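Below are two complexes that have subunit A in common, paired first with subunit B and then with subunit C.
Now for the complex of A and B:
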């Protein structure tokens, strides 16, 4: 029976202590298909794929590749079996060129035993042609966009003879354009007989690209569906159980609200002496979500960093609750602004610290949380427990290290920590990037209720669905300038897209901008 | 908890592997490694006097191990404990020799000044890094030589004891000496101060606001600064404490063992501290047993030298091997640990495949 399937995983179990990461999971993938594995964060998708790639050993279960039962003891073994994996966080060496990265570990050598660069470049050019994935072999990896980095990763796997390619959340960091290109790539690879397994929780993508779908929930298989015979709703309800489908955001309207965060004529010059922000002017009012929409790298990062005090501003003012904070320290600014950074691993938390230590960060030195020079643990622990409960952070205890949590739960730590601070202003960047549907909804609900309480929220998001879902107003940023203020009720995704790519600019903003 | 077990396992495994490789070196030298290690052990622990001497040596090592732990925990690679120990030792010697004070004031003052001077010396690389971005590994390492050579100048010229055959000062006043705890040895009250310091450092990181901030900064400085923590100030403070602890190690050496400053007074206690801190995973309490382990090697190796043909430098060789085994992330120890873990689960899988599969 099994010989129809190129990957046949049966009864896979993997326990971490009492946590059943995988509990009798089955996965059957046919040759030459695009198979999506969907599920909440923490549903066991990544564990299952790590098992298939030999990074993790299952406690029970059997794996057959091409109908032959195997033990995949290491990634090397997996590669021998023709399995390749593209991780969510790319594993490339920034100082190396594209060709050097692709050939890493398999460098062609000349007669003297030295690396043969020309051969390397021609090899990369050849496989790049073969699979229709265009790259520039001599370019340094550090200069590439995220979409291209991913392409290099894919080529790296293919160059090692991968017939089965696993991609963990491949679209999480891509722009809509890059996503489309990636899907084209998938189709091309499918035509060449490659089997593709993608881990994702974006259902529209699953519907658009996959042939079959395996659904995981809480470590168990919830069934395998044929994409053409199902709908996003059916998948979602299988993934989430019963609490799906209800509208979950309530927006309370408020009149005469005061401005909280006022930014005027803010300009920032980057390290490369280019203007990163050009006379940005915007106001976030009480009880409002103002969203900055834009293609990544349009100046959002610089805007956030200037507000928080991590970037020198060239000119302009930043007022919080009527007070100029442009010259204040980060610590002082944090008395006005809560802040959720876009990259939670790098700046949002310390993965080596415990859950509790991460939750208390930022107000560890305030009010009742300290007693003189000491930490006041009774108060701290109370706060930590409250936050864990309120934000439904799934962890065995507050003493677990943050890295043992799933991405969605890590994000809940960051969001919980920041929303619990008694500030009137919240700056939040990509709050649900790489976060599963359940956690996303939860975070959205929390944001909306903060908004309804009167907090002014500056949201930075590249996810247009999120932008439309949450915003009261949309400010579109392009090349460091705000090119449009839009009302989400009056515009379409497409229109916002036009502004985002610079194809359209609101006239009055050009005049004001002065450039 | 599990993480902690792994850390201990890796440290001990590194040590055992180093002993094995050291044994091979002994064999090549034409000696019997078992006899050699037995004599080392005997020298370190066989009599009460030996134990006392082992603990006496460990005293300095606890201080330098703590020094390293404090700095590294805050993410600052302080390779300069040796130099900080030298300046601290010099400060203790100067106070102990020249200040006409009664004992109950003289000894505390000498200890405080050795801490302060060691701490200020430790702050130099911290400030250099913050202001100019210099790599602390380079500056702390180089400042070791500055300290060793400068103190060597002092004891050879302005502070040289009249008629001394080598560079050394006069003896410190009796009131400046650390009380001996076990007669006939140099085991002194410095050991108690070292243990106390370890406990204080441990609780400092565990319970104080600053300690928490330093830990976060060490783990992820970018995150810490996003929280509003002043990472730079914390680095300066932690290097003051780190340098101060190494300085106290110097004071313990001058006021507890030598009673004077002798040129080249430390045989590398600061560098031992690096190994000890590393093995203890920068945990202040864990520093104590590892410091005693290395103290035993230092004092035992002298006996070994007497009983066999093996020079006492073997203990340095073993230490170097420990660092080698521990420092590279994909080291032999990690390989062995992973291998053991993996073999276990593969064995389980194989058993599953042979026996019935489906009784899960």
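Now for the complex of A and C:
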């Protein structure tokens, strides 16, 4: 029976100190199927896949590929066995081109021993055609959107002859459109006989795309299910051991709510001299969540960076609580705006600092955290403990480095730190990107309760489910312009999708360049 | 006018070429390690090792070529110590680099006293200078004859090495992996490349280049060993690396500038400029160029940011 399985992992154990990342985990994957591995953050999914890809060595356990028992000592060995992996945080070299990245480690060389760039480019064009994944080989990776980066990663694995492709949270960073494309790619690859293993915690996607599901929880296997014979509810309850209801706090409507964040005619010119924002005008009022929906790279990043002062604006005004902050320093602006950036690793956290330091970071010189020229550690520690408790941050202690936490818990540090500030405005980008279901629900509930306390929230999200769950108003952005203001109660996903891709615009916004 | 003609004379250009190789070779060595993400600030110390061992082996074997090889091997061994700390033990690069600098200065001075029983400097007529090259075709052109003829072969070898290293870094697999190791070692590792191996090979190249530079100083540029004779050239090379953006072709220009200033410094002493001031010039120019280029560097890299 076992020789039917292309991947057969048995009794895999991996301990980090006292933490049992994998505890007698079993995984059996059939050839040519799409197999989903689901579980909360920290359930051990990524560890298991790192073991399969040779990045981590198991303490105990048996791995068989195509029925043959193997020891996967390094990624090189995994590649030889036909295993490819697309990591959640892409492992691409930013300064290199698409072709250089895809061919890294396999560069074609000419007779003189020099790299044959033309051959490299034609090779990439060829495999790009073969798998129906369009890329521009000569473009630098640093200039690509996240969806394209992922495509490059997938092509990189396929180009090495991967028959088993592991994808860690492949849809966490994609727009709905890109997700659908990706799923089409998966199906095409399945037809070509490739085996696909996806790690995810988005159950609707699991239901839509997978053939079989393995559920992990706290480092243990909780069973393997056949997708067609199960339901999202069953998976969720196996994953979390309980049924969780939808978080929803009804908005408290207030008459004459004050505008908190007013942006008028904001334009930004990018480093490539192209207009990144074109006369963006919007207002976030007290006690509302205004969501900017849009395809990745439509100007959301530039908008956020302009508001917080990381980016020079070409023209326009930004008022916070009636005061023009467009000329103020980042530090001054942070007295008005709390800010959760889209990239928690690069911008939101100092990953080498401790959890505690990250919880007060940026606010360390404020209020009671300082005593003369010294840090006031009793107050700081009290605040840190409060935040860890209130935001359910799972960490062994406040002295652990932020790096050692799972993605969801890292995000809770950032969200906790920012929501604990008494600011009236919150700018929050992709709050639940790569965050597990439990933590996502928790963060969503926190945002709703902040809104009900009267905070004005500007939410940037590419996840339409999230947009519809949280927004009081939706502003759709396309190519640096706001193309529609919508009421989530009156529109469908599809309609928002049409605005997001530029297929539809609200004419009056374009003519006046604002609302 | 007369001082102008002293500074911009063919002799000065010849002197510039003569003083270029140590800075250029150390600079190329530094580019290699910087590109591989294991930047070594211990170039100065490595060159001193090269100076001493090059001179000593030359003295013992009475062969300039064995002297150079000895210098390169000894320097590479010390460079491998740096490599072991930084690549295997993952120690702090700066601290390891500082240690190499101290080691180079201390070890060469100590061995000089122990082996030859002299202090300050050592000279022996048995030591053979690295040969010089002349091109008979240029003899008839006085200007080129002065500048190009009668230069040490290392001058030309070091310039060719700059071209070769440029080729390696940007047109070969190995060079691609070196750059990838510096940009994102995890990405390289997941592509199935052994990052440690790439870095150790880089360290060997880098040691050989520093050793060649050092051996040239003590058996080509001069034919004696003087304590601390590298005189900050390893640090000037680091300035040149920053100045050139770690590009092997551009560092040719950068080291040319620094070598030019160094040559002028000697010349200035002969025209009533206080000698301390004159000797200071190369270092002052280094600081000024660095100030200018690093300012530009910030704009280049993070142009979209306000700061």
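Quick note on the criterion: the second predicted complex is superposed on the first by the 469 of 515 C-alpha atoms of A that agree within 3 Å, B and C clash if a C-alpha of one lies under 4 Å from a C-alpha of the other, contacts with A are read in each partner's own complex, and residues count from 1 in each chain.
Throughout what follows, contacts are C-beta pairs under 8 Å (C-beta built on N, C-alpha and C of every residue); 3 or more make two chains touch, one makes a residue touch a chain.
It should be emphasised that the depicted structure is a prediction, and the values quoted were computed from it without experimental measurement.
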Side-by-side fit of subunit B and subunit C on subunit A, or clash: clash
Subunit B versus subunit C as contact partner of A:379, first or second or both or neither: neither
Which superposed partner A:353 touches (first subunit B, second subunit C, both, neither): first
First (subunit B), second (subunit C), both or neither touched by A:237: neither
Partner chain(s) touched by A:401 [first = subunit B, second = subunit C, both, neither]: first
Partner chain(s) touched by A:73 [first = subunit B, second = subunit C, both, neither]: first
Subunit B versus subunit C as contact partner of A:125, first or second or both or neither: neither
Contacts of A:339 with subunit B and subunit C, given as first, second, both or neither: first
Partner contacting more residues of subunit A (subunit B vs subunit C): B
Partner chain(s) touched by A:452 [first = subunit B, second = subunit C, both, neither]: neither
Partner chain in contact with A:362 - subunit B first, subunit C second, else both or neither: first
Single subunit C stretch clashing with subunit B - from 26-34, 98-106 or 170-178: 98-106
Residues of subunit A at both interfaces, subunit B in one complex, subunit C in the other: 74, 310
Footprint of subunit A on subunit B - complex, ascending: 3, 207-210, 212-213, 215-216, 219-220, 222-230, 342, 345-346, 348-350, 352-353, 357-358, 360
Interface residues, subunit C side, partner subunit A - complex: 167, 171-173, 176-177, 179-180, 183-184, 186-194, 303-306
Complex contact set, residues of subunit A against subunit B: 10-11, 13, 24, 57-62, 69, 71, 73-74, 308, 310, 329-334, 339, 341, 346-353, 357, 361-362, 364-365, 370, 373-375, 377, 401
Contact set on subunit A toward subunit C in their complex: 53, 55, 74-76, 79, 85, 87, 91-96, 100-101, 104-105, 107, 109, 113-115, 156, 270-271, 309-312
